[in-house]
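Note sheet for the following structure.
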Amino acid sequence: MKDPTTVPASEGAEPQDDLITRYKAQSPASEAWRMFRRNIPALAGTVMLAIIVLATLYGTFLYNGDPFDIVWAPHEPPGATADFPLGTDYLGRDLLAGILTGGGPTLAVGAAAAAITMLIGITLGALSGFYGGWVDNLLMRFTEFFQVLPALLFAMVLVTLFSPSLWTIAIAIGVVSWPQTARLTRAEFLKIKELEYVTAARAIGARNKRIIWTVILPNAMPPLIVSATLTIGVAILFEAGLSFLGLGDPNVMSWGLMIGANRDYILDAWWPVTFPGLAIFFTVFSVSLIGDGLNDAFNPKLRER
Amino acid sequence: MALLEIENLNVTFNTRHGKVTALDSVSMHVNAGETLGVVGESGCGKSITALSVMGLIPMPPGRIAGGEIRLNGENLVTASDARMRQLRGAEVAMIFQEPMTSLNPVFTVGDQIAEAIMLHQNVSADRAFKDAVALLDRVGIPSPDSRARNYPHQLSGGMRQRVMIAMAVSCRPKVLIADEPTTALDVTVQAQIFDLLNEIQRDFGAAIIMITHDMGAISEMADRVAVMYAGRVIEEARADDVLDTPQHPYARGLISCIPALGKDDTELREIPGVVPPLHMLGAGCAFADRCDYAQERCRREKPALVNHGHHPAACHAVEEGRI
Amino acid sequence: MNSSYLLRRIGYGLVLMLCVVILNFLLIRLAPGDPAMVIAGEMGGATEEMLESIREEYGLNKPVLTQLAIYVGNVARGDLGQSFFFDQPVASLIAQRVGPTILLVIVAQVLSIVIGVVLGVLAARKPNGLMSGFVSVFATIGYAVPVFWTGIMLIILFASILPIFPVEGMQSVRLRDAGPLAKALDIAHHLVLPAFTLAIIYLAQYARLSRASMLEVLGSDYIRTARAKGASQRSVLFKHALRNAALPILTVAGLQFGNLISGALLVETVFNWPGMGRLAFDSILRRDYPTIMGVLFFASAMVVVANLLTDLSYRLADPRLRGK
């Protein structure tokens, strides 16, 4: 015999949702924005990232100097000379100029690589999850193959073979990082394609292409946006690693290159490697704070944990 | 003195709606060898009552705000964690609602029963496992020797519930709490589990607290019944009395929902309305909004559980003789 | 566990390796310029004689499919080509370096899992407690720090301020003739900083993951059953809950292995650890393609083996998957 009354299943510990608060909820996007606005770490990350981006875009207007120029004695400590607040490196190049100009390529490559990653990952994942069957099988084997290759090593090989430039670096990072995005997209598609509104779209005769891009994808966006944010962070770390190893574009100053160039002299001077490292750290840290904030905003239930 | 006495138990939970009262002055008792049925809808507090006895209320957010639970005169509310661990599984044991998820998927069922034995009895692992096999045999699992080496996913729901029962009775507890032990099982298996519990009670002499929303289970198992609604006991009596002459309008509703065998009345009836959320309980009787007999006093004043002639019921209408 | 499953998994691993070999082959041919030049390495200033011998060895004058067959056949025989820069067969170059890399990667993996899981379990006891806050802050920071920079910072710290760990290489020169125990201790001493540098990022991730996984498991019915039996808090956490919470951790540990090798590449470069990462770095600077491709092949093989082992241990850890 089943429950004889029309009571929603719920145990005493957690009383039923208040109907009033449930109806007050707005659209998912504005609800997420409301959650995000109240998330202090995420806001701090946003402000931090905004400052970093503005500094790399406009910093050189306020403080100009060519990061490659030898302007002073080598290894001038930070704060010793007012002209060079962060000191100079092993050749006597201005570190502050390097920090301000070195962020541009790092951020640009990070953003471009994340875009390429998302483009490949979402396309393959969407096809795989939507069509299933042999398409899914083939694409998933392909994805597994790419996951076998150690990403940084593979990216190094690609950059070396096709000569380093900002574009080859961004493409190489994209080519090695897409499998996770593809898996995530596929999982979301598998889940969403079974839902009623997709069936409804089919019933009114929508074409597959239309269902994929205008019905399922928008609903799969929340986790993909979070993943894209985190991908930017990973891509920035990748770019920094490649530049550190000397595989970046040698004609462009970047944070990773500054660390790599100065690493033989770390026991003589700590500052030429410390400041660019902090710059990378704060950039990735701010991006991941934003990513965590978005994740919490899209999944309010996880917050209560 | 009864074997287990619950007296004026108050349990509160901190939720996002603020502090709510999950149990409001709940009192009940059970004697050795007796079966007490606790009946009510989901959310009425019957499982919270059971978990309070076990000392398994999650704290926080839960809190026992007052009252006593006495086992052989010992107050469990104030007992230390170490003492509660000694008692749990040995003196008071519990069978849960979901046999599918209540067994640990990565250990064999024999090991899980043996663990319960070893926690409370000073025996070797070998001895405990042999006892576990004997218990599986006792609860009617065929070829218990090989079944003991199975993992939960290899057993059916009914078998898993038998394993849970074997685990619960492994240390011959004085009080056995069965929280909707058959809800997740199909009807033929339900009957077998009831028979098993009755047998176990005969053999082991345990007191059983049977928690259910199923009046059929009450008529099968219970000697006495406590009916709960929104965190309070609203009627308490011998099972036959409650089944034959329910007093409280809610209890009447529950009884009339039982589809009677052999009658033409095939329509399934239900009590209209829903249990109010615990954080929205007012000053009056929690059932008033669903009650045909509710009057102004019912919305203002909580009725006490008092015998108004037949047996105790918490209802102004009964008190005033309006029903 | 049945043997046909094992055979199928091994077969699949071999197919993946074949794909890596084909990818290597394609990469050399897709690169701009004459493949023989690419193989010889631009730094070599290759003579016409040398190029001719390369064309001969790799069959570069024959049709592409024949070239592929020759290449695959060579790799199958264990011949990864000749490094012109090091003037040694690539296979023996890798054989010299693979030990230190495996040592570094496995020690880092074990460190990060053990410390990470302990932190995660402690944090899960109080979901809003101090430890939980520490774990989530630490995980976010650990994720954002470039691993090579952590290494450099540790070198600065331990070389000048607190000189208790060696900051470079794998062995001390003065112990060349010492006994095996002294040598092993010396290697362990050298291993401390590189292994911790590599472990820190993953440690933070395992801590966060095991906290989440434990919290989920601790809310499940069988944990309540264990408590109802009278099991102690320690037994509930480490026996009943952790065995179940370990399953997702195991999955991630397997997936993480490729990233760990990537990280090892940077860490080896920073600490002059004589492993495959250092070899990859050196050969890339010299554009020594046979060596680079050999390292890529071998590193991928390590990932394939690690995935296979993860899969098998997952099936051992989860009885529901056994015999399927």
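To keep things simple, chains are lettered A, B and C as they appear, and every chain counts its residues starting from 1.
Note that in this section contacts are C-beta pairs under 8 Å (C-beta built on N, C-alpha and C of every residue); 3 or more make two chains touch, one makes a residue touch a chain.
Quick caveat: nothing in here was measured; it's all calculated off a predicted structure.
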Top chain pair, ranked by how many C-beta pairs fall in contact: A-C
Farthest chain (mean CA position) relative to chain A: B
Geometric centre distance via CA averages, chain B-chain A, whole Å: 51
Centroid distance [mean C-alpha coordinates] between chain C and chain A, Å: 23
Parts of chain B lying in touch with chain C, wherever the complex brings them together: 54, 56, 85-90, 93-94, 96, 98, 101-107, 115-116, 119-120, 151, 153, 164, 167-168
Contact footprint of chain B on chain C as seen in their complex: 220-222, 224-232, 240, 243-244, 317-320
Chain A partner contacts - residues on chain C that touch it in the complex: 16, 19-20, 23, 27, 30-32, 38, 127, 140-141, 143-149, 152-153, 155-156, 159-160, 212, 215, 255, 258-259, 261-263, 265-266, 269-270, 280-281, 284-285, 287, 292-293, 295-296, 299-300, 303-304, 307
Chain A residues touching chain C - in the complex, by the definition given at the top: 144-145, 147-154, 156-158, 160-163, 233, 237, 240-241, 244-247, 256, 259, 263, 266-267, 270, 273-274, 277, 280-282, 284-285, 287-289, 292, 305
